[in-house]
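One chain, chain A, appears in both complexes that follow, with chain B as partner in the first and chain C in the second.
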Partner chain A sequence: MGLLSRDRGRLRTAGLRAVRLVSLLVAVAAGCFALMAGSPVDPVEAYVGADTAAIGSEQRAQIEERWGLDEPPLERFGVWAGHVVTGDLGTSQVFGQPVTEVIADRFAASLSLLALAWLLSGVLGFTLGLLAGATRGRLLDRVLTWWAYTLASAPTFWVGLLLLYVFSVSLQWTPVCCAAPLGTLPGEVSLLDRVHHLVLPALTLSVVGISPVLLHTRQATLEVLASDHVAFARAQGERLPGLLLHRVARNAAGPALMLQFASVGELLGGSVLAEQVFTYPGLGEATTTAALRQDVPLLLGIALTTALVVFVGNALGDLAHRVAVPRTREVAA
Partner chain B sequence: MTSYADTAAPAPPAVTGTTRQSAPSPVDGSDAPAREALLQVEDLEISFEQYDRGLRRRTVTAVRGMSLAVHPGEVVAMVGASGAGKSLLGHAVLGMLPPNARESGRVLWRGTPVGPAARRRLAGTGTALLPQSLTHLDPTATVGAQLRRAARLAGADRRTARVRAAAALREQGLAEDVLRRHPHELSGGMGRRVLTAIALMGDPALVVADEPTPGLAPASVAAVLDRLAGIARAGSGVLLITHELDAALEVADRVVVVREGRTVETTDAGAFTGDGLRLAHPYSRALWRALPGNDFEVTAC
Partner chain C sequence: MSSALSPVAGARWADRRTRTLAGLGVALALVAAVVVAGTLAAGPAQVTDLAARHRPPSLDHPFGTDRYGRDLLLRTLVGLRLSLLVGALAALLSGAIALLLALLATAGGRVAAAVVDWLVDLFLALPHLVLLILVAFALGGGTDAVVLAVGLTHWPRLTRVLVSVGRETTAAEYVAVSRALGHGRLHVARRHLAPHLVPHLSVGVVLMFPHAILHEAALSFLGLGVDPGEPAVGVLLADSMRSLSAGHWWLAVLPGLGLLLVVKLVDRVGEDLRLLLDPRSAHL
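Then we have the complex of A and B:
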């Protein structure tokens, strides 16, 4: 295969990806808008808040007209979508800021939490999965598998509350809430403080990802350990620690990588609950606030952002899998 | 086709032996010291403990009494139908039986009895497995990485491992750029050479070749058998495990016929000739007569 045709193949794959991304975003935008239009959410009521009773029907009609709420949904969608294409997602009613700004701020705050939880669940899940597979049927394997099943069936918010009770309330090792000590200004928070506030939410959030990675890695490890090339390595005198490191780890990494990147969506979903439990001011907490206070522009913006992040996660997973397992390289070209 | 009996001349030295020792030993008195066998297996029995439904335990005996001996510089072919327990014996020799296996009988290495753990320690330097299917190469690692790892396992340090990896490839007639390739970028023939290079890395005294020929084109079969003969010429013992009698006879000095977990006959390869009347056991004769060149005759036995 020539270099040129390989490059062309890559270009085509990238083009296909872009088309897929655009169609996904269009579908998400249309779907979410339809849901919002069909829902009993009343933007005027959400905007005015508790004073709804104080404004008359005349004033109300004026607001509706000004916002274009009396027009048919399809037309409203057209206007909104036209603004979205130019990068204007509207203004958040709750925060009184442009939606893009709110999302950027909150996402930046969530990023450290998400990244830490993601790394924690990936590294822990993979290592423990390898260990469980290597000690199949023995005590360690049984304990790890049992633990993974327990975690898989435990809801995030419940695990969060439990950790909060043990480490923050009983042992008082970690703070009870928030991303920084109460009453400090954003400028004067030290890195240590930040990490201190991050540990427990990250741990809670990583729980979502550990067990699938652990269980799949364990299965992959068992398969690799039963393969011909491991038998050959053993015949060369290779023993267990070396066997795992040199012959098994990379072969078993495929499913773990795919899962890990595909779980970005679950991670975002989990962050909604985890951030609520720990009152961590991230994107997840903003989502809850937006939903509870019927902030339609912010909700739509978050839906689009989440779709984008999940798509990028999946694409990266594909890429990482192909790098780790070279056989799949040829197939894709 | 040459053969020597157990009482043949002493082992050829490992390095100088470039030509097959074909001088027939004078069958003189029993006072000539018997050549020490590399590997001797005596009445080996292998069984597996399995759990049936629930906790009922069941013992399955797969090998019921196998005996054989391999001397330096000779090719011993173990021939028998699939499921006769040939490969299990090969795994037992390398100390690679699964944990639920039980064995009895004796295995001797250069005259000393060796248990499974001791055999496991011998694997790689004393004994080596020589597989032929490319699934025995790690699909995610380059040929170079696998060769270097084999060299490290054979006791080389990081730097010499690099040198030995390249040298091992050259010895098998492969160019150095093969080092950077992954197994899926190798042809079948190249892959088998790489496997040979890895297997011989630890300079093993005994090479166990497990079913090396099935499914190969005649030219490839000849190449594989040639390589096995070459290993024996260089002074190592070769245990060739196969169900293809005709291929085995091309290179084997002696043939061990196994059936349903038992050795039924150990004979010189030269005994497989004519009507097979020099073969002692009816099963060996049946195997011989069933070959294409011998009328495909199938007798019930």
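Then we have the complex of A and C:
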């Protein structure tokens, strides 16, 4: 009986969450569409480009009619949303390809960058946070904490510029731009080349995520080290490395994991800047290009894609938190 | 026991308070100095000297000169003043939105609370920078668009904080007593809610400032913000990319360093304010 009602409760929460998620996605789509429709950019002019003067008002009216621009915004949104649901996001004006293809290509390029940066910031942030917490008040802790706070106030793109100058211009260890050597065909690029071009942008991008993870892990480490079960383990003769490994790491991992998954949005935002600095042909660079060259369909497509990625990130974060911290499973039910 | 301890604790607190106040004063004075210097430098920053192009830092030009021989220190100061202005305007705008929504959520009943909650989630659904790009694009670019874009997108987190503070306050017993005495929502909002929200609001607004500054710089760097002719820090850094491979490091390093210092200063002001207004948080 009790089990049944609990199951029903769980189903109810899951249902509510799904409704909420769908409503948010629809609202994001509608909001983005409204922003684009309200922008002073004239889609016909953006499409025709420099030849605006060459087309007459008749041709203009024809294009507008063909695109349905003479219809009320709500109807246009309906038509657009209908296409989106069937997976058709329109054609990118800048790239001359379907938006879905451009996004798929670019996202594939960005994915390795994002994944590497995400891993780097998570592993570095967690390890350094454990270290800082374990050496509370000593020089190492103070240096790490200061460093984390400073990184948090440094502009991402500036960090990228510094790395670019030091490693690519002065030392010439890494390439100055792009995802592959200039003049090579996409099929010929070796894995080593790819990694070589990836290191610096990934390092820049990981800077965004390190400080929150570091500071939170430090805090969690301090709390766990002050708890009774650690005092008990100490009394049994456990030393600091063992304590960190067996008692602290697991307890601090839950919040860190959740934070790390929730930071996917920040990471995507940072990738716009990092890819601009290193001219890396990923989704972030496409975002800037789309905005600068007024490619509305592409911009809309990117907005929807990134919103979806953020949703997935948050959901995975909740899931990871539940796996790492069994206590929360009971509370959630 | 407590009477024996309190003088010591009191003396230590007074000492710490004085120190915090002094730090706050110095930080505020430095920020003000940057604003004044930036205002004075607006004219001289545009003076070109083609005989002195791409000079590295020297006594004459502490930050060096750019490709038109313009003094980079002056240009950086003008840019920092603009950053501070944009940051201030945007933080105030976002602070006002956050306060309004928080009041609505705490005083307006369950439906209003759910709507505000949903709105916060909606604005956090997109990566912040992508949202900024969309809003700046929709507003057509330029300095006004940047201020609006940054100001209209920074309120969700502060709103969350304010709503939770508001909920805690309205759940307190003295508020229930006040209600039972027949005081209306407006009275509760003004006499009981506001005193609790104001400290969090002011600290939140100041701490929002650095984010706003960094986002303005990012938009300008991408070419979607401040007019490229104006010396904003983001524009200066975007320009520096052209000659980075020629070894003109000062063009990239020094304006960014200036921005980092200003952001840290404002952050310091916010943290000091928090210590003064909410001493308990110092022990967390």
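Throughout what follows, the second predicted complex is superposed on the first by the 315 of 333 C-alpha atoms of A that agree within 3 Å, B and C clash if a C-alpha of one lies under 4 Å from a C-alpha of the other, contacts with A are read in each partner's own complex, and residues count from 1 in each chain.
By definition in this document, a contact is a pair of C-beta atoms (placed from the backbone, for glycine too) under 8 Å apart; a residue touches a chain by one contact, two chains touch by 3 or more.
Keep in mind it's a predicted model, so treat the numbers as computed, not measured.
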item	value
Touched partner set for A:287, first chain B, second chain C, both or neither	second
Which superposed partner A:92 touches (first chain B, second chain C, both, neither)	neither
Touching partner for A:311 - first (chain B), second (chain C), both, neither	second
Contacts of A:325 with chain B and chain C, given as first, second, both or neither	first
Per-residue contact with chain A, leading partner among chain C and chain B	C
First, second, both or neither for A:232, with chain B first and chain C second	first
Interface residues of chain A shared between complexes with chain B and chain C	none
Chain C contact footprint on chain A (complex, rising order)	20, 23-25, 27-28, 31-32, 35-36, 38-41, 149-150, 153-158, 161-162, 164-165, 169-170, 176, 265-266, 268-270, 272-273, 276-277, 287-288, 291-292, 294, 299, 302-303, 306-307, 310-311
Residues of chain C touching chain A in the complex	118, 121-122, 124-130, 133-140, 210, 214, 217-218, 221-224, 237, 240-241, 244-245, 247, 249, 252-253, 256, 259-260, 263-264, 267
Interfacial residue positions of chain B with respect to chain A in the complex	94, 96, 121, 123-125, 128-129, 131, 133, 135-141, 149-150, 153-154, 182, 184, 195, 198-199, 201-202
Contact set on chain A toward chain B in their complex	227-229, 231-238, 242, 246-247, 250-251, 324-327, 330
